[in-house]
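In the two complexes below, subunit A is the common chain; its partner is subunit B in one and subunit C in the other.
Moving on to the complex of A and B:
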């Protein structure tokens, strides 16, 4: 066998990476460390115009120092970057587009920058690839959106460059695996460099360079809800959910959204839930960040297992002291991992329950507004019926059996269904109606030139709607007309709700497709804050035996 | 914050009943409201006075109060609502709680 000069090369990626790292080698010292003041120069050495770049931007922890430095590179050399990352919550993420350094964005969640994303699209400063769910985006990291350079963050590095991501591991392993094993470059910012790590979360040979950031990375306590702000109306909705859904289906494996309704449910488990005899029959296995409002239920022995997408500020010691419930490492601290939590959330849950800003007359729901490209993070992965599921649980089977016309789709083949529940007051903040003829997502699609209106949960995945008027059991509806009637029946005084026909609503109630609080035997006069297992943050601290350490802004006593 | 006052009367065709004693419920906290219900000879009607910081929802207020009055068959009652951005869900909840307290139901 002979070789000649025209033979195809198969290692262009690693050769390219080696060349870039060689250019950066003058900044990188022992233990792969570089100095904060060399960061811009190092980024200019390893990044080329048109590269796909990931800045670790999770729900919570942010590679904010590296993001700021990327904004300072020489844009005559580095431009047209294609950013592929979970979230763009920081102003610096969008500054890259304003500054002409980045051009294209593929992401999952916009958060506070959602308005700028929409504005930049219409001004031509930002080319939107797609709005993904987390799992889709992670999947594409391993297909057609693999980053060439990833800028990640961790709590600590040791002298060799091993990383400790600890409590908030979130997306780090996924980003690093996709980048490094495709011969890309991984650069980490850490809060401190130490002699010995509590545990190794990312091995040093998967990392190319590490910097001790001039200040700790930004982290947001996104999942802390003050029980003091839970309203009686939310308590009523929570009672309806517990009696009409949790008890009706005995759902064990659940994800809760981050709104106040699900906080109210969590705080009612040890009181109203216990009264309904649900302990051990519902909420035993959860995919959930360490919500402080879960403390009373955990302490009362409701929960067997919780796996987390990320951490939550202030819950570190509590979680470490409850290793029978949470996934913790050999060092005793939480190990979160968004990819695994989302996978469990997509395939292994029996129910997703959360809130939304709008539900249309067909049951499609979205938090998109006409001028904000917000994205939905992980909700759509959990708020859908995963058609690839094959294992069976009682609640999944029951929800499927109740579908009267499944046979029109798949003949006589039995199949279960995930419960997907939206709990809302019929009017939201500022008395904006939640039930609408048409989602604002349509206007957004027009304003931002999207192919599809961004829908969080599709109508055919939604199985239950809960409002102050009662519960619509959409899975029990024979067709779209019946679903629309059931939605109208619980839509209150919105334009959708006032179209409800009283005779039709009565028939739906007789058929068990709509149930009012009275039908369910839920006493409205008991919808009172005294029913909450904890009424303020201080109560949560007491429940935790002093282990929960709330962030300063939640300490109001 | 400018406050809007909305006043209207409702009268059912059916036989109505009043309450025995005045009751007061709720607080004017954010997202909440207080309601005062008192018996008053109005020839079977219900008089309503709502003070709210939000303008432009007169029809919605009327729908919600009408629903409450027709489901409780209330008459000869004056309702006074001091609102601080309560949603219709909260309004109905407070009215029903007030009615339950007033009638001991």
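Moving on to the complex of A and C:
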């Protein structure tokens, strides 16, 4: 009851933050603004050795100016930083480790720097915490990996320090909330400071300092696929998917991966999809970035709702002009949000469909190669069966009902299952076989000293494999032996595929576990580019009524 | 090969050389000259251990559009970038030569023959010019084609078509410029030194070849149409190109003189005026020239649908 001189203090974090901001106060002027040339000094004032620091490194927009400045701090004072951030796609993110400023990394996606991550781990320059999914990492921001200092980016700030993150809101709200509500420090770089924002995405009192960056932040059009590059083989795969899966299960709530197969599917919706009578029955609710290849389907009235992880360069005006479909603010522009889109992706989708670099004979798949620590971003959250799901849709129920062995786990209790589909050509990029005895992920685990081989989608979550040979309905397999046989049957002339036994394959076809294009009634000769609703970027511009403004590199007129 | 009717709707940009050649002439009139079964292939590539093609990447044929005999030359960009070597060059030369000889014979045998019954040559370009593996023979082939173009003057109109992936660059850019009429789609590109080579020689500040929007508004069909380098701008189907050829094929050969870029004192003077204008304007971008031609909103000009473009655009006159 009595208070004494050793009374426990409960505000050490905010006191520490106040002390640091006091040291930085001489750089921070009205509206929380500081000058670009003071950035390094300001970072030296607010960051201490060993701090946990987040540099907003999203899938798309990058706090690149602040990242460059962090590389210039006095490393005799600031070192051993623990970086916690979604992605490390820029060279400067890894320079921090080379320069001895950062020591430990917890992240979700490596992108172009994946090779350096692996190299630095083996050289002892980088201590890897863990490779996460986005949602996992976001969860840990609010648990045991809360940043002390976050360096974020936004399109605009006003004169009070409110931020507009707009089209590419992405991770910003999650990072800021975790940091600021744990008494941390948030510093923002913006492209411009204006009198009035279109809307406030992040309120000023969650921000400690703002700088107008000398140049706009770097952003990459990651989700633009040129229809001109879609091959006839991909069109065949897309036809198989539409007839054998989209029509078979009438899947309404879907995430499409980033590859050309799903672009082909998107471009076939208004043609082949319409012919199959799928409009209104499939693809009505999507979790997607604003893929330009979705424009023909949206314009043809296929899509009810799209929520976005991030934005996509060139799609700003188009999205703003379609507020019935996209999540736009009172100001009319999109607000993406990676955390919410991933939550929907994990719990509310009926199907995830995408590609991979390798699938092993058991059905485990990974994009990991022996010398790159890349991570998988959000794919594992969407490419799995969310065990916490309790609501019901027809396609989810049907996929679960087809599982012959559910009773061995939960008796007579019915349950649904998410469709998790991998669509691949049996020989993929660089003519490398996709179906392999052993994933390269095992070699990577050895090379980079990881506890587990990095697997993108585990075999027990995978329900369907689609190749040019046909579809393997793995959810209909009774055991691992049947699954392996079904995978062999569609694995073509890879080392896995040539082990297929014709009698076994015939039995699988009779049982409806494997279906060839002929079994499905898909005419291979129709798999040509004339079936695409748009055959080049120019066609997409026309479909959009001139609203889509493709980046220069995609223009060929 | 798709059916002839389907070819008409097919994207010209995505069509291979033979599909373009077959689709450009009337159904059932196509006869290939020195085709793959004749196996005229490059002896130089064979010596170098490189793969050959039995047509050497150039399709030559004869067919008809209406009453007009049409000699077709069609280049295949997917074989060594459409480069022209000794054999392909000889096929081009002899196709034009055949057309001229056929013209002379027709006129001699039938003095009253109408313009639309006289032959034309159509060249569908998809090339970066000389095949470097056989450089001297390739260069010589270019000169010989130019020589045939001169011999065809005032007799056989030679019509250029450009709308394929590679575009028309290098030495063949000169050849195309020396023909009588040029038909392009907005996906076609025409130039001399290719964008990558300009960047390599003059630096990224001079010309950023990775900026495709810049490349196309400097070399693409819309720009060439404004500049007058391209006579007819058409939609991207084989049928649209065919229709343009059909309209040109019936014209008297004298009409083609007005469409030419070079070959008369007037044409040369016009080119010199264009050079003087460029020196005076010092344009930093193709759009500066579009404005000069009388187009107030050059940025919008790139993206508006082709029919609107053709209806609204002002072309440069010097």
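Basically, the second predicted complex is superposed on the first by the 555 of 557 C-alpha atoms of A that agree within 3 Å, B and C clash if a C-alpha of one lies under 4 Å from a C-alpha of the other, contacts with A are read in each partner's own complex, and residues count from 1 in each chain.
Quick note on the criterion: a residue touches a chain if its C-beta (ideal position, glycine included) is under 8 Å from a C-beta of that chain, and two chains touch if they have at least 3 such contacts.
These numbers come from a predicted model, not from an experiment.
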Would you mind checking whether subunit B and subunit C clash or fit side by side on subunit A after the superposition? fit
Is A:289 touching anything from subunit B or subunit C once the two structures are fitted on A? First, second, both or neither. neither
Touching partner for A:71 - first (subunit B), second (subunit C), both, neither: neither
Quick check on the superposed pair: does A:524 touch subunit B, subunit C, both, or neither? Answer first, second, both or neither. first
Looking at the overlay, what does A:431 touch: subunit B (first), subunit C (second), both, or neither? first
Touching partner for A:231 - first (subunit B), second (subunit C), both, neither: first
Just subunit B (first), just subunit C (second), both, or neither: which does A:498 touch? first
For the overlay built on chain A, what is the smallest gap between any CA atom of subunit B and any CA atom of subunit C, in Å? 5
Touch list for subunit B against partner subunit A, complex: 31-32, 54, 57, 60, 63-64, 67, 85, 87-90, 92-93, 96-97, 100-101
Going by the contact rule set out above, which residues of subunit C touch subunit A in the complex? 6, 9-11, 13-14, 186-187, 210-214, 216, 220-222, 302-305
Which positions of subunit A touch subunit B when the two form their complex? 231-233, 236, 425-428, 430-431, 467-468, 492-493, 498, 524-525, 527
Under the definition above, what is the set of subunit A residues touching subunit C in their complex? 228, 529-530, 535-536, 538, 541-542, 546, 549, 552-557
